[in-house]
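Both of the next two complexes hold subunit A, though its partner changes from subunit B to subunit C.
Our next item is the complex of A and B:
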């Protein structure tokens, strides 16, 4: 037996055995996630005479479907953008904070996750009404001449959704920023780089994997949200998830529901796969 | 060496004891269940307070049984029945009439007969449907709920909601909700002046009139509590097509809400009850139905739900509107056309 063959064998064997730890989770997901997905996919390509793509053709040839897809993508993009703009500085502040301040910031970010979406949506209802805090602030600062309606508007929906999903943007960025050695920036400064140049050429590329993960998290959750739009914008604004729910529950049209669910799934998976690829690429280039 | 302790408990005894303990622990729930039989009733979430307060205590005492009430929407109950058709866990459902029609079409219900629920003989005409597939135990009504702090006079007409002064202040129910349908029929009546029975079939004109309500809409709800919360806060001024069973209860609780019966008339929204085909404890299920159709329970639940009783021996509760037309709805016609209406609603009523 050669030395090269003998040495790595235990490590490889150990690795294989450790992989078995994932079996319960894989089995669980296979039953409650993958199997229903297969049924869903099968239903979306099954007609009275077997395999067909007619459901998708019918769906995409209806202009209303495109409006719903556009609604879904627009709201998801705007929500992600708001989370990014608010969350990025917060993540940096958290990573750079020390001691009690860092604990306080972490608790402030994580604690809201324990509050249900429905409760948050009702809270936003109070905040966004005509005599609510937002309206009073905008009138008080002179931005609005009189109170206006924010509830059941796209702006209200984006604000409410961003509030729910913000921790999912902050935490991945925070975990990456925390690992960045602050001396890198200091080294840049000693070489004469301006703060903006150091941010753009040193800090931003290093945080990119966290940014991409946060964006992927928030976008994939925003694109498929159901309860938040139901409560914050109501029945007059359809997104793919609400249309899917309605197709199954109200219209009892499994064909349409399966089709819209598959379209939604493809959109969400595409974003996740693309962001993983981007994260790897950016990670590899450093 | 088999002994474990100085008291003489050996391994065999210990293992036998553990085994017996395990079997006892695992079988305990079924043993306990066997002592008290249980039925699960699927109904509307808004029914839970009066079921818990007025129905469950009487039923559980009388039949030595446990009653579990699952509150959700009628369509969700239908989904539960359909998905569990082979092994139903619901024994009874309390749903809206249009959803009952769908359940009948999917053969999910067990007909109610006088032999199994004798109180059906005491029901008013027109409250037993499709050869006893379901019966109505109450008839709440629909009018216009309004915030009494904002509107000092109740709305006199369904047309008031279209007044431009209510821009962004009106809430209506979605067509997803049963109580959303009368708005379509009333809109047609307002637009054409036809008698209600005729106008209800002219949904083309109904939709044209409803579209003109869009500037006044704050939202279209599918969650009734949220809509009432907005009305109570004053963000909304009216809910056009509100149910008496919810609106008047909120008024009783002290909310600044009134419920108007406009001059064009009101709509009854019959509450149906049915036994789930093949559901657990069918004898208890029929007993529960019988109780809800009986005078004792109806006399208790009609006043707090602000609904008309269906048992002939129970008088209407005080405070019911008088002198206004009560328009009945052809639920069969609704069931045949509702999906097309919802599609059209999505396209024409969207933001």
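Our next item is the complex of A and C:
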């Protein structure tokens, strides 16, 4: 009896009951992670007399804060730019590569992803020293006349950060490039379009969603990076994340730390929201 | 091929080779330094030696930190795997509003600055009186590992044919047995890849863990950063080489199970 009755109606009931399976995970993250974030935001805008923006007014009226914000955005933009310039052609190569080249590219991209950022930042400390590989290479090729130190400079920081984040630029672009039908470009060629025109009007629009998400990934990670700057450029150069970490861990200045944390959070969330809006728009219009 | 296309294609390959060298440089340098004989980081080292590896057993703080990291990573991955899979089933099979938002919410810890998430959780844990390092680390690391599980298992489940379960039930399996015998084997690759990435993410996490460690309970990245700051010698390179070896093994296993190309499906 139950077997014959089990056909349509309970199937619908089962679908409703299945929703309960989401409760443990959602509940866990809501309590452990979302609620504390809401409290952090709420606390940053409440003073002894209720709602106040005094912490932010104080923060934004200090020229030092603006320098920290400027440092953060500049380094993040430069890192993203370096990743984009290297990552875009490499993603194309990866979609076309076969055999040994394909294996080499896949290993070079996936292996670093599974290695800790402390390990990589430490390695870059060695690479960027005055007697390090980069300096030796640049002197050897005659670009530098004498060995120089890149460690604790902004170029060194951008180089190291770009190295760590490059896979996050390549992979999203690769995932769209590999889906592009090569016949589209051939069709364009048959109709007399020049290679540059085909790139601009066929290839680029189709890759745009991948480019947007790669840029958003790398930019948001560079904005909030913490270990890489503290190892590659040191304490005299502060970014929002390093200042946040220092305020909590060394200076015991929770007010400043919470303010910079909220600024960082707002920055990161707006990057994510803007990029997903952009990706949706690009995906819809093409 | 026209000349322009040939130049473009050559440029692409030049960039690819450059990127391979660039990406692998830190790893090669670390391994080379760890087998060098001198305490300064000269490359290539004056002579090869195992002296830094011989110092590993006596390196204070290394083994407890490794043990803590492995325990926390394994347990938090396991918890995320169970909670994340249940949730993924609900998202794929359920018909309730806001499923997209829930999926985004569960993956969101990946997109927010770790440091900010860490500070928020630290204050939250303090408020409810959770102060011990070990349980705090575990509770926090489930948040770090969850996104990896949800992302991968959700993708695999949405491709899974649920009529197979109905078929198994028609053939006399109970619902639980049908899940065990049909769904679990079909999803095994997704479980393994997501568990691998989740485990590595937990092992590697610095910005969140830093708020929950104390003098006795440290995770490996935190202990290593302390080594780097206190005594930058090639012992750290030797530890790093060990971790690189582990990553290579994980990559080989991942390749055997699902293939390198699938691992790159981000």
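Following the convention adopted for this analysis, the second predicted complex is superposed on the first by the 254 of 286 C-alpha atoms of A that agree within 3 Å, B and C clash if a C-alpha of one lies under 4 Å from a C-alpha of the other, contacts with A are read in each partner's own complex, and residues count from 1 in each chain.
Quick note on the criterion: a residue touches a chain if its C-beta (ideal position, glycine included) is under 8 Å from a C-beta of that chain, and two chains touch if they have at least 3 such contacts.
A quick note: this is a predicted structure, and the numbers were derived from the prediction, not measured.
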| item | value |
| --- | --- |
| Clash or fit (per the criteria above) of subunit B with subunit C on subunit A | clash |
| Touched partner set for A:184, first subunit B, second subunit C, both or neither | neither |
| First, second, both or neither for A:42, with subunit B first and subunit C second | neither |
| Touching partner for A:64 - first (subunit B), second (subunit C), both, neither | first |
| Which of subunit B and subunit C A:53 touches, first, second, both or neither | neither |
| Subunit B versus subunit C as contact partner of A:274, first or second or both or neither | neither |
| Partner chain in contact with A:248 - subunit B first, subunit C second, else both or neither | both |
| Partner chain(s) touched by A:152 [first = subunit B, second = subunit C, both, neither] | first |
| Touched partner set for A:106, first subunit B, second subunit C, both or neither | second |
| Partner chain in contact with A:33 - subunit B first, subunit C second, else both or neither | second |
| Per-residue touch tally on subunit A - higher for subunit B or for subunit C | C |
| Segment of subunit B that clashes with subunit C, given the candidates 26-34, 116-124 or 224-232 | 224-232 |
| Doubly contacted residues of subunit A, that is, touched by subunit B and again by subunit C | 122, 125-126, 129, 131, 231, 248-249 |
| Touch list for subunit B against partner subunit A, complex | 73, 75-76, 79, 102, 168, 174, 176, 217-223, 226, 229-230, 233-235, 339, 342, 346-347, 349-351 |
| For the subunit A and subunit C complex, residues of the former touching the latter | 15-16, 18-22, 24-26, 28-29, 32-37, 39-40, 43, 86-87, 89-90, 92-94, 96-97, 101, 103-112, 114-120, 122-127, 129, 131-133, 136, 163, 166-167, 170-172, 174-175, 194-196, 199, 220, 223-224, 226-227, 231, 241, 244-245, 248-249, 257-258, 261-262, 264-265, 268-269, 272 |
| For the subunit C and subunit A complex, residues of the former touching the latter | 2, 4-5, 8, 11-13, 15-16, 18-20, 22-27, 29-30, 33, 41-43, 83-84, 86-87, 89-91, 93-96, 102, 105-106, 109, 111-117, 119-121, 123-124, 127, 139-140, 142-143, 146, 150, 196-197, 200, 203-204, 206-207, 210-211, 220-221, 224-225, 228, 232, 236-237, 240, 243-244, 247-248, 250-251, 260-261, 263-266 |
| Complex interface listing, subunit A residues touching subunit B | 64, 67, 122, 125-126, 129-131, 149, 151-152, 154, 230-231, 233-238, 246, 248-253 |
